[in-house]
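The structures considered in this document are given below.
The following pair of complexes shares a single chain, chain A, combined with chain B in the former and chain C in the latter.
Up next is the complex of A and B:
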């Protein structure tokens, strides 16, 4: 037992050292202009990011993007779960729904944006694309997870005369929880990416707007700072997702 | 009765594709009934006509993006595998690199495209570099996992027969990483096409992304949608090919 803990501690130290080395390398390249003026030092990006004069700008942009991502995540998750439950109860509908979903998923996100622009106001395009991205992942996770319940459990439900709806809510959905939580973990990142791409098409504010305008106007610090926010936010949510996943797997399997 | 219907060719077609058929029918009906101008929204028929009357243009840009995606994918997988192999050789390198690779592979790569574009310049090589980078991380992460997932007891067997470390790596470790490697390929192939298109779109370089951008600027919605459909087809084909390859490898390996 002690040996195991020791091993895990060593892994954590190595991992941390790897990240620190990466940041030092980033700093070194930036300080010495190894890759020219478009690669700023890590500390420069951080101090630019935390400059009090820019607090408002970054706060507004982050709130805008994250609320689009959150709205899309919630709506996409809801649609994914409802559709997956629907095709689970009516299996005849499943092959067609599978193909429609993967077709919609393989349409490039930038191609969806102009089409969504016809239906929703400019500032909702990001949320629409986030919804599509989250929907697909949750749908795939839920359709495979709903078949997780064991045959003997299903037989018990059948013998006791449970309706399809009862079996779905009391047996199949709880059994699908672990893969669905894994799906949700990936759906968060997908929703953030969707919100950002949607913002490239005329949104009034958001991190996606900042990134593209900084790229086109050569505002290198602004560009890196906005990307750093997105990176850190995604990593935090990914970490939270991993924790939730561990908890659910321990509880349900 | 329903069995006969489902077993016929038409029945199976309807069963599998009713969603997509319904979508296209709704699109055609909507454009027709709302009497939309083709600048706002062309009908599916307009799009098909545009594709067939400009086949050369679609083929030229489609091939360019596909070549960039495939070459970048192969290069990225190769570099990712090589670095995973280097990391595997010692506890220190794998301890340092594998967690970092895991962290970097879970950040949204789309956000990095503008940085890479600024860093490397707006041109076709940058599109290639972006595809290399997005294929690198899954290749590295999955190959690293595969290199450590040896069949139980096999490592001892190699030791008993006196295999040296190089032999052990070439004949045992590398082959056992192949199934994970194929998962990385399946996961990366469709995004490789789409990310190449996204990079072309942002930098306005030639290819499907550039063509899409030009069409939007010219209000040629039929061409924009045509380009998207071709991109969808290419990325779906990439996914199906990679899934097929993965299945073949799985049969052979287990």
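Up next is the complex of A and C:
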């Protein structure tokens, strides 16, 4: 156990050192204009971001983007789980649904956005793309996870005369939970990316809108500040997902 | 449940059952060759044989996990499938097959949920006590030892008071000492229920100590070539295993298991 703690501490120190090194390098490149004027110093971005006059702006934009991402994540997860359960109970539907999902996923979201624009209000395009991105990851994780149960567990359920519904709810879904949680972890970032791409197509507010407007008006610090918010938020959710994953794997396997 | 006056009635009727597997190379493997076996109500029968003799296949056929290539199996006059569907079958495998995300109590109560019945908490509690897992109700399988998991698995098999109990090497993965101990426990538990039981094992001692009748099978093709009524009275104390008569029977069965010509 002590050896394990030691390893964990060492890897935390290495990780922290890596982050500090990265930020120092960022600062150095920005200060000395090594990569030109479009690479600002880290401290400039941070002071721009935490300027009290812009609090409202960043808050509104973040709330808008994150609620689109959250809505898309929730809806995509729901659709992914329901569809995966459906094709699991009716395997005849599986190959077609697999192919349709892969096809939709292989079309770049940026190409689909204008089509979504025709069907949903401008401010929902982000959520629609976030939904699609989350759906695909959750669907793939769930369809493979639902076949996770071991043969001996399936035998026990057969011998005990379990119905299809019981087999799904009491065996296959719980057995699928670990890979599904891993999928959810990746679906969060995919949903955030989807929301931002969607916002490029005429949303009224959001981090994606800030990015586009900063690019068009050459506001380098604003651009980097928006990207920094997105990165930090994604990393926080990824970290939470990793914690949830650890807990679920310990309990469900 | 049938009343105890019907002790001599046939519970499991296996008639001319064969099971042929088609191998990848296109050849056929006869795992079971025209097996005839009748098991009486409340009888404990052990299927003994070397690995690959088809004894597990036999058990899977009775458990309705597989279907015979020819011949028929009926349990209390109906198809094994009906017995499973009516939740009247109890099974414990070598792999305990407890659900890792449920507590021991929930695992043992699982058959109630699958039968769509309200869990009888008192029954679950009494079985937990019977198999000696009191105090571990809220533990998860991963927190228990191998022997404790097998006991939980046997409790789960018994909880609905099944008409037929099928045991496939339930202690096969345990060490010799734990295994002997578990056999003593199983003998005691079985004595309190007297359920028609089919045990598959390759351990001569286990078969002799637990069963009323031992069926010895030979491999390729799987056939019955010896039957033995076990004379020891019940309940059987562990000391039975040290009697001279026990050792004689062990020798006889061990000899029977030797490949021909030895």
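Basically, the second predicted complex is superposed on the first by the 250 of 253 C-alpha atoms of A that agree within 3 Å, B and C clash if a C-alpha of one lies under 4 Å from a C-alpha of the other, contacts with A are read in each partner's own complex, and residues count from 1 in each chain.
Please note the rule applied: a contact is a pair of C-beta atoms (placed from the backbone, for glycine too) under 8 Å apart; a residue touches a chain by one contact, two chains touch by 3 or more.
Just so it is clear, the model here is predicted, and its values are computed rather than measured.
**Q** More residues of chain A are touched by which partner: chain B or chain C?
**A** Residues of chain A touched, chain B against chain C: more for B.
**Q** If we overlay the two complexes on their shared chain A, which of chain B and chain C does A:144 touch? Say first, second, both or neither.
**A** A:144 sits against neither chain B nor chain C.
**Q** Examine A:67 and indicate which partner it touches, taking first as chain B and second as chain C; both and neither are also allowed.
**A** Touch partners of A:67: none, neither chain B nor chain C.
**Q** Name the contact category of A:21: first (chain B only), second (chain C only), both, or neither.
**A** first
**Q** Applying the document's definition of touch, where does A:162 land relative to chain B and chain C: first, second, both, or neither?
**A** second
**Q** Is A:221 contacted by the first partner chain B, the second partner chain C, both or neither?
**A** Neither chain B nor chain C is touched by A:221.
**Q** Can you give me the overlap between the chain B contact set and the chain C contact set on chain A?
**A** In the superposed arrangement, which is not itself an observed complex, chain A uses no residue for both chain B and chain C.
**Q** Provide the residue numbers of chain C that touch chain A in the complex, in ascending order.
**A** Chain C reaches chain A through residues 63-65, 84-87, 89, 91, 93, 95, 97, 99-101, 110-111, 113-116, 140, 166.
**Q** What residues on chain B touch chain A, complex-wise?
**A** It comes out as residues 14-20, 23, 40-41, 91-92, 95-100, 103, 106-108, 110-112, 114-115, 117-119, 190, 194, 197-198, 201-202, 209, 212, 216, 221, 224-225, 227-228, 231-232, 235-236, 239.
**Q** What residues on chain A touch chain C, complex-wise?
**A** Counting only chain A, the residues touching chain C are 150, 152-153, 155-163, 166, 170-171, 174, 177, 251-253.
**Q** Under the touch definition given earlier, write down the residues of chain A that touch chain B in their complex.
**A** 10-11, 14-15, 17-19, 21-22, 35-36, 38-39, 92, 95-97, 99-103, 106-111, 114-115, 118, 189, 192-193, 196-197, 200, 211-212, 214-215, 218, 220, 223-224, 227, 230-231, 234-235, 238
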